[in-house]
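Notes follow the structure.
By written order: A, B and C. Residues from 1 in each chain.
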Amino acid sequence: MGDDIPGELGRCWLKCSEDTETPKRLIDAILVAMIFEIKQERFEGPLDLLLTLVERRQLHIGDIALAKVTDDFLNYSKDFIDFPIAESAQFAYVASTLLLIKSKALLPQLSLSREEEESMEDLQNRLKLLQRFRELSRHVRTRFWQCAMYLPLERKVEPIFAPPKDVSVTSLLAGIRAVLASIPKVEALSKVAVKKVVSLEKMIESLKERITSALRMSFREFTAAHKGERINVIVGFLAMLELVKNGLLNVTQDTPRGDIMMETGRVDVPRY
Amino acid sequence: MELDNQIEAILFWRGEPMTLPELCRALKLPSADVKKGLQSLKEKLQGRGLVLIQTEDEYALATAPETHELIERLRKEELAKDLGKAALETLSVVLYKEKVSRRDIEYIRGVNSTTILRSLLMRGLVERRQSEKDERVFLYRPTIDLLSLLGITSAEELPEFQDVRTELAAAETAATVAGASLADGAGDGEDSVPSGLVPEHE
Amino acid sequence: MELDNQIEAILFWRGEPMTLPELCRALKLPSADVKKGLQSLKEKLQGRGLVLIQTEDEYALATAPETHELIERLRKEELAKDLGKAALETLSVVLYKEKVSRRDIEYIRGVNSTTILRSLLMRGLVERRQSEKDERVFLYRPTIDLLSLLGITSAEELPEFQDVRTELAAAETAATVAGASLADGAGDGEDSVPSGLVPEHE
């Protein structure tokens, strides 16, 4: 699996295993089986899914666990293209952080910005927090109704007509208007514009094209061409790794923190 | 658990008088035992803020006589207060809907409204009656006193009545969707709405 | 008349939770005194049929847990016992944190929680109030109803409560720092939609 590629970037060439087909099929079969199982459930957003994946493999939350479940997560998320846009953006955000974690696992020398490191750490903290609260919710579940203490029934009141000063036709109209305004608008919810997140596939495509035309370019140039937004950089970087895995691309980095150079092999010729 | 405590709990919870046979049924005990329990409760309540009162054959918990002045003052203060925003909103829902269940009010407002409805009832602004369609459901309506205070003969004379009704009908659908069930597999609409988290009988 | 008795009488008469300021106004006493009275009431109720339940600033009398079978039998409503995963998780966050913004809930759950919070609000399991520190922020808190259903007189009685609070205090420092960096992935944070992961404001 991709997880096992040794991460020696310094000057080394990354190649994927020679026979890419057999393990790939195997992995696909496993993923299909897992995804099928997962699909029986309803997930409450990306953290819920991610935590479930980690717990299912009985892993402790950490870089290694997250790198391991990244593929599962991506495969599952792909089927959620039709999610309300807000939700799919959240999936994409978590996916990009996961990919970052995974790429760091693949390439330990990869230098990350402080911000990137924070978002990786943050994801782990959030997962731990969710895991803790999930544990705690079991206490709540078992206590519910077990030994309830009842508040008294509504006390009988004898009405006395006591008109308050603030009741008038005007204040009541204002009241109902406020009520109407506060009702959640289902329509509005789904239509809210959410910052677009570049999809992984799109990025891979773009990466392929750019590399075919300009045989040699730096990763930094490449990401600059994509507006240099953090999410695009992450996705771009991972797209690159995917290509490396698939044997379509060679990558070099001359100095530990230096620019990463990308070169195509022969893009259209399978490498055996 | 001692019997007097059980009796205290029932009477407190009910908040209204119960007969000896009712107590016996509730406690599944013969009346001799229940009477003993009542006697012991009476003694235990000595020097407390509550007392056990007994009419010919009914028993109830009530506030101790020493607190009557205090309670009476509170009652008056409560009646003299302004309604405030939340209560006005609730009242406006009752008026513009003409009759409405507590459940529906809560769907529309998105908050539990028990306390506010009680205060509106107490002030004679709304009244509560069984629905003709379903005896288990209580509907809140504006009182005649309220309408005359507002200088109208029916709710339909309220400003923008028809518009508001149309908007409410549309909004209620939305609120039903948004206020989906708390159980897993949410979103099955009315059926799956847990009925009992708040006391049903209003 | 002793203060604890007066409080007992008021709470019995009202039959619903009261806030500390309401009690102070009713008794015309400063909150330090009222708190002492409440503490003494709590002690006097030991071994009785009633208990005093408290949230951060609300108090109510309820039936003692030992009587729950009896009262349960008398209640006519069907109780919805199947709270789903989302509801339980959200309730746990609110309970163990005691007061928490929607934003913080969504930070932990990683998903928009508007709908589930609305359902919990409607059922009276949580309540939403403006933060005292920042008026633009609304905080969700457990209600007395929720505590009473769990059979606890205050959130501190929850299992592992102190441990969790210590953990949270430690984690919060970290999260505050990290939480800031999330915002830039978050877009414009329209009210009810977490566009990145966490919405900007309530």
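As a convention for this text, a residue touches a chain if its C-beta (ideal position, glycine included) is under 8 Å from a C-beta of that chain, and two chains touch if they have at least 3 such contacts.
The structure displayed is predicted, hence computed values, not measured ones.
*Asks:* State which chain is most central when centres are taken as means of Cα atoms.
*Replies:* Located nearest the centre of all protein C-alpha atoms is chain C.
*Asks:* What chain is the most remote from chain A, judged by the mean position of CA atoms in each chain?
*Replies:* The most distant chain relative to chain A turns out to be B.
*Asks:* Could you work out how far the Cα centre of chain A sits from that of chain B, in whole Å?
*Replies:* 47
*Asks:* For chain B and chain C, what's the span in angstrom between their mean Cα positions?
*Replies:* 21
*Asks:* So what's the Cα centroid distance for chain A and chain C, whole Å?
*Replies:* 32
*Asks:* Can you tell me which residues of chain C touch two or more of the remaining chains?
*Replies:* 12-13, 15-16, 61, 63-64, 71, 75, 79, 83, 85-86, 114-115, 118, 145, 149
*Asks:* Of all residues in chain A, which are in touch with two or more distinct other chains?
*Replies:* Touching at least two other chains: 150, 152-155, 184.
*Asks:* Can you tell me which positions in chain A touch chain B when the two form their complex?
*Replies:* 42, 150, 152-169, 171-176, 178-180, 182-187
*Asks:* Can you list the chain B residues touching chain A in their complex?
*Replies:* Chain B reaches chain A through residues 12-16, 79-85, 88-89, 91-93, 95-96, 108-110, 114, 118, 121-125, 127, 143, 145-146, 149-152, 158-160, 164, 167-168, 171, 174-175, 177-178, 184-185, 199, 201-202.
*Asks:* Spell out the residues on chain A that touch chain C in their complex, using ranges where they run on.
*Replies:* 44-48, 86-87, 89-90, 93-94, 115, 118-119, 121-122, 125-126, 128-130, 132-134, 136-137, 139-141, 143-155, 184, 189, 192-195, 230-231
*Asks:* For a test of understanding, state which residues of chain B touch chain C in their complex under the given definition.
*Replies:* Checking each residue of chain B against chain C gives 1, 4-10, 12-15, 26-27, 44, 47-50, 61, 63-64, 66-67, 70-71, 74, 77, 106-107, 110-112, 114-115, 118, 178-186, 194-201.
*Asks:* Along chain C, where are the residues that touch chain B in the complex?
*Replies:* It comes out as residues 1-2, 4-10, 12-13, 15-16, 26-27, 44, 47-50, 61, 63-64, 66-67, 70-71, 73-80, 82-87, 114-116, 118-125, 127-128, 143, 145, 149.
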